[in-house]
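The two complexes that follow have chain A in common; it is paired with chain B in the first and with chain C in the second.
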Partner chain A sequence: MERKNEVTPTRRGVELALTLFAFALGAGSYLLFYVNRDLPFPSIAPLAIGCWLVLCVGAHLLIRKLAPYADPVLLPCVLLLNGLGLAMLNRLNYGSEYSPAVLQFTYTTISIVAFGVVLRWLGDYRSLQRYTYILFCIGLGLLLMPLLPVIGKESGGSRIWIEIFGRSFQPAEVAKIVLTLAFASYLSDHRELLRSAGRRFLGVTWPRIRDLGPIAVMWVVSLAVLVFQSDLGTSLLFFGLFVAMLYVATDQVSWAIMGLAGFVVAAVLAYLFVGKMEIRVESWLNPFADVDRNYQVIEGQFGLAWGGLMGRGIGIGRPTRIPLVDSDFISAAFGEELGLVGMFVIILLYALLVMRGLRAALSARDWFGKLLASGLSFALALQVVTILGGVTRLLPLTGLTTPFMSQGGSSLLANWLILAILLLISHRGRAPIEKREVPVIVDLAEERTVLLAAVKPEALA
Partner chain B sequence: MSTLAFAVVKVAFLGLLLLFVAVVAGVIRSDLNVTKRGDTEAQPNPKRRGTTAGRDVGRLVVIAGKGSGDAVPLLGEIIVGRASDATLDLADDFASNYHAKLFSDAQGWVVEDLDSTNGTFVNGIRISAPTRVDGRDIIRVGRSQMKLEA
Partner chain C sequence: MNRSIRRVAGVVALMFLALLVNLSVSYLLRTETLLNSPYNRRVQEEQFGQSRGPIMVGNTAVAATAPSGDPRIPNVRVYENGPMYAPLTGYYSFVYGRSRLEQSYNAELAGTSSAQSIDRLVDMVAGRQPEGAIVQTTINPRAQQAAWDAMQGRRGGVVAMDYTTGAILAYASVPSYDPALLSSLDYDAVEANWEALLADPAAPLSDRAGGEVYPPGSTFKLVTTAAALEAGWRPDTLIDSPRTLQLPGSDHVLTNFADASCGADRITMLDALKVSCNTAYANIGMALGESALRRQAEAFGFNTAVESDVWSATSRFPSGLDPATLAMSAIGQYEVAASPLQIAMVSAAIANGGVQMEPYLVSEVRNPDLSVLSIHAKKVLRQSLSSQSAQLLQEMMVENVRSGGAKTVAMDGLRVGGKTGTAQSDPSRPSYYWFTGFVSESHVAIAVFVEQTAAGDASSSSVVAGGVFRSVAEALR
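Moving on to the complex of A and B:
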């Protein structure tokens, strides 16, 4: 048995094979557009595919070098989503003078470089645990930054961008990571207190009033985001994230109940006092009542219906009819051209990412890593559910990006950083125990015998 | 491109996408019993309870907790924890995946805590370094107690 852990494989070969598979599918969907449309391949195609291969294999090599025991399926799933997204952006903007696909490719490159930097320099993520309140303040600052005059920018009715030197950026995407770090560090310190103090009522342990501070602060912040930035998606994401992490940390249903109640109250308030919410709910329940106003949702629905089970085929649909199809509604474009089957594959890829993220949380040996991995996975899940639910009219539409697919540099960067952190946690959790330093064996016989004499009767009882 | 070729390509691409998911699922599945592979080579799997190997040498027996009565033979190195590939896997929510390790040297058995969340206790005292144990000592991991048996 002592040899057991020496055979713990790194699984990097499997990852490379899956990475190449994901690369091929991304490149294939890029080329299929030209084949299906009977168009000649563009002159840039070999270069684009070559660069994509370099990025895919490069990301794999970074993991091989820096986190060799990490989960082997996370990276390939992300690369497939990212590749399909890039190909779709190229397809959607075919013929236009300025293609966001090129820009998005640049962002992907930057994101993968940043991914490598995090893998290399963060190393032991537990060092971040010290900066609870600093992280919290930074995260909060980022979240509320778009409200500032001059740099804050409003677009499409939501004030969630900042603009510096002509480049716009969504700080909430980075705030997502920073606040998850802050929550994880706060909760790993306070979980025992939050979980044990309180009284039982209705079969559930309710926390003490004075322990309600953090959840109250988050509630107010989320409400502020909702009211002043008119962004339901971001607000929902942050509050949901916090409540989920509280629940994971304490294992007490009461926190989840209070979170849900708080959310319902906030939603009702928003519906009553924020004009935009009423429009959103109306376009969700009854979009055809006002075709002009709900044009986007309706076109998305038509796209999905036209796609059917197998889709029209890449390049054959008309997804460009949908406003904002590059960002918020990119999943509707996939639904139209790859059909229900394609949509299911995409949803499954996200589900696999979330599942493996939670798996990393389970295998983490420290509470900070556990909470961090589960928080990040949950944020990803919540974001996907919110935006896909909005596009398919399962939920009121809220403007969140589809992770790894939507056009937008901040979102892409943030999600690649999340991937890096998840890989680091999974690497630590899966590395064989023997690889760590074994302290020198000390013989405590002397002291123990003394202690034994005192303790043994109770211990045996 | 002909209609037929178009349809074939379309379905083939979707098929490949599904294949990707299936392959990933396969990898995840094989990931579950990755560490089992090494077991079969050198020694009989000590997890199999009640084999002859278990009677010749001593055993590590769970005496209190959910898995009360479980035992593994004292062979080589024993990892106690919640992980399915731990030598003694405890169904104990308060145990870490790889909670503690037992190994022997010339003088007997030693228990070492593996940075577990809730600590490893010998006779009620949390150990901070590898500690010698024998049949008289009670080892507690999470809510499970165990001892060595001849």
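Moving on to the complex of A and C:
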């Protein structure tokens, strides 16, 4: 076993170095604000930085102990984004009595604890594969929870919150993970069926009508989210996620084409029947036509223009002019204060995170893991591109959080859980075979199931 | 499955690439438009925080730029003796814009006027922070201080000007406000201050020296006298001056001040001026007719805005008068309304031999290196009355100070002419007190308007307004 370890390096040293680098950048941007504004450092600064160091190194140690073969780049990417987000929240709320930065720091702590719990107790994520339909029902329930009468809460025109004991929570964030698990589980079971049955037409294998059930269900659910919760972002995210996973599972372009077609139909329907969509599109194409209504988009644009190439410097811009700059528009604050260059760095950090996640999918040794890792990574990518695209006017604006940066506990927690799962998959993919705790026989059973299905699909249909 | 994962990775890469490309294209194509947008407060705030030239009174900068300590808006506007000079400097506020000299000389103060473009270019090449020009006012700080001090506790306005050039020497409005309340970088405080100033019943934002018009009362008799002189009357022309005068076509009975007699039932125009005889002047007005009276008022500047760097409300002389309203107008009542600046301009034209000079506030604008950017050239506004009439009217006003109703302002060794005025805007409220006149030796014309007296003030325009006149005239001696 000792020899195996030499062959497959754990690369924890690299991770520690990168983690310390991410820690330093986060702490540095936190302090830079006070330097740039000629303000004395707050008395809480040593404590805050100390706690941040503990969190960073703590997260690293958790991985070292519980997923030693995991990808060493994932955690530092997340810590860097999270640290910059905390520094920015602190900067944005300087001087206000109630600081969401402290709250966000607490959420970060809770998230990292939860991250540790998942690493420790989930261990073999494949145990979740069994609960396909339970997971699906839980995910769907979470997704539609804000529509419930008492606990559902509408804010900013979207009904995507629930409120329990005075604390609000966005269940869609957790639903994202649960539904990805459900999809991964369902598709890893049914992939052979979905991929082989069907007719060839125009050089593409088209699925049978009865196999369209799941995609139709997801289409309807997404549309329901759109219509009843007025939340274009979440709707787009779930449908896009499902289609991408279908494609990964089946390798068949026909699913992607149908998904895309379904999306176009939904988009047209939404544009025609949901009044808010038309406004969103109008705000996107021509924000200056209604300066009052598009104040947020316009201020965000002003911020980006004001930031220019290199940015004003942390604390020197005026991002607080932008409504919801703490959550939806936090990237515009970075654009203003760190410039185009800073925006590029942040986007590339997300890209790196997603690509490493997809790499974990490639290296996974089981279908469930592959589907789960690619689904979670794709969801992350879709979310980042949707919200950053909305802020930078690549796409119409939709209310999604900027992962790891936006203020808000549910989003932060959910994204840290995603990180934990990605790390587990990547660890399992890279770990030497002997290290697996689960007997190899399970894999063989799975392989055999697949073989049977490949031989006689009709028998299982 | 790995093939499709790689393809998904390709799609993801394209998505991120689209973000980067869109950001770069936006940066290249949209930045300039966005920065020039009139809605872009960031750019406005930056301009707001730029270094700005001072406004000078004598050798003192009454409005200047000081470091704010906030690197986002490095400079803040500060005011020396703010309330005293507020009607001149105006305010420089991010929330409420600019007013007065801060507004009319904004381009020069900010260093963006076309005349400064070469300097701006040189500064840019040399990497220096461009600096604004210095605006030098005509105000005499001693006269301004005297006017301000003398008016304390009262409400009203004072204007003093050099009648040979039109240079404004004192321009005070009481009560006033500190422009620093509005130039602060604490916008919430600025808004609260603004609301408080607007809500203040004393109306501190009103410019009682030039920005408001009031019934000029008996000071308007100077205009009526000028019209009479121009019509060929003489100071010794006899006029009916009954104790009371039933105004034709009306039930209004005109009386004199304190119901007094004017000394006789027929007195000279000089005596009528000296006792400020209402009935005599009503008769003069009715004899001259509306058009002659209005022509004279307009020759002094009524019904015309002053177009210089002095802001003023346009003073009014009505039209379409019947004999009764004509009679009232001739004594500065009815709908006649004048700013203290206008009344000072009447005295100035009389004192300057009938030639009315355009009033102005800024004598020169200098570059930071003190080279002159622009200099005011004095300008004749109009010939208000012939020099002979002006000479006669001067003598009448001097006589009024020597032995008439304006005796309180007599000063040893000086040729002082003056006229008192008491006006009622509304029978239920106390009278307005006016005083206007000139001092030949210091060639200054002054108008004092007291809207509300201080506790313990005598109810006499010659004592209250005359006292302020005297203080300012002494300061300019």
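Here, the second predicted complex is superposed on the first by the 427 of 461 C-alpha atoms of A that agree within 3 Å, B and C clash if a C-alpha of one lies under 4 Å from a C-alpha of the other, contacts with A are read in each partner's own complex, and residues count from 1 in each chain.
Criterion: a contact is a pair of C-beta atoms (placed from the backbone, for glycine too) under 8 Å apart; a residue touches a chain by one contact, two chains touch by 3 or more.
Computed from a predicted structure; not experimentally measured.
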item	value
Contacts of A:S29 with chain B and chain C, given as first, second, both or neither	first
Which superposed partner A:L362 touches (first chain B, second chain C, both, neither)	both
Contacts of A:P171 with chain B and chain C, given as first, second, both or neither	neither
First, second, both or neither for A:L349, with chain B first and chain C second	first
First, second, both or neither for A:S374, with chain B first and chain C second	second
Which of chain B and chain C A:D38 touches, first, second, both or neither	both
Residues of chain A contacting chain B in one complex and chain C in the other	36, 38, 348, 355, 362, 367
In the complex, chain C residues that touch chain A	1-9, 11-13, 15-16, 18-20, 22-24, 26-27, 30-31, 34-35, 37, 39-43, 45, 69-72
Residues of chain A defined as touching chain C within the complex	36-38, 191, 244, 247-251, 288, 291, 298, 301-306, 308-309, 315-318, 321, 335, 340, 343-344, 347-348, 350-351, 354-355, 358, 361-362, 367, 370, 374, 377-378, 381-382, 384-385, 388-389, 392-394
Partner chain B, residues of chain A touching it in the complex	1-9, 11, 14, 18, 21-22, 25, 28-29, 32, 35-36, 38, 72-73, 76-77, 80, 310-311, 313-314, 338-339, 341-342, 345, 348-349, 352, 355-356, 362-363, 365-367, 429, 433, 436, 438-445, 448, 451-452, 455-456, 458-460
Chain A partner contacts - residues on chain B that touch it in the complex	1, 6, 9-11, 13-14, 16-18, 20-21, 23-25, 27-28, 31, 34-35, 37-39, 41-43, 46, 75-79, 83, 85, 87, 96-98, 101, 103, 105, 110, 112, 114-117, 122-125, 127, 129-132, 136-138
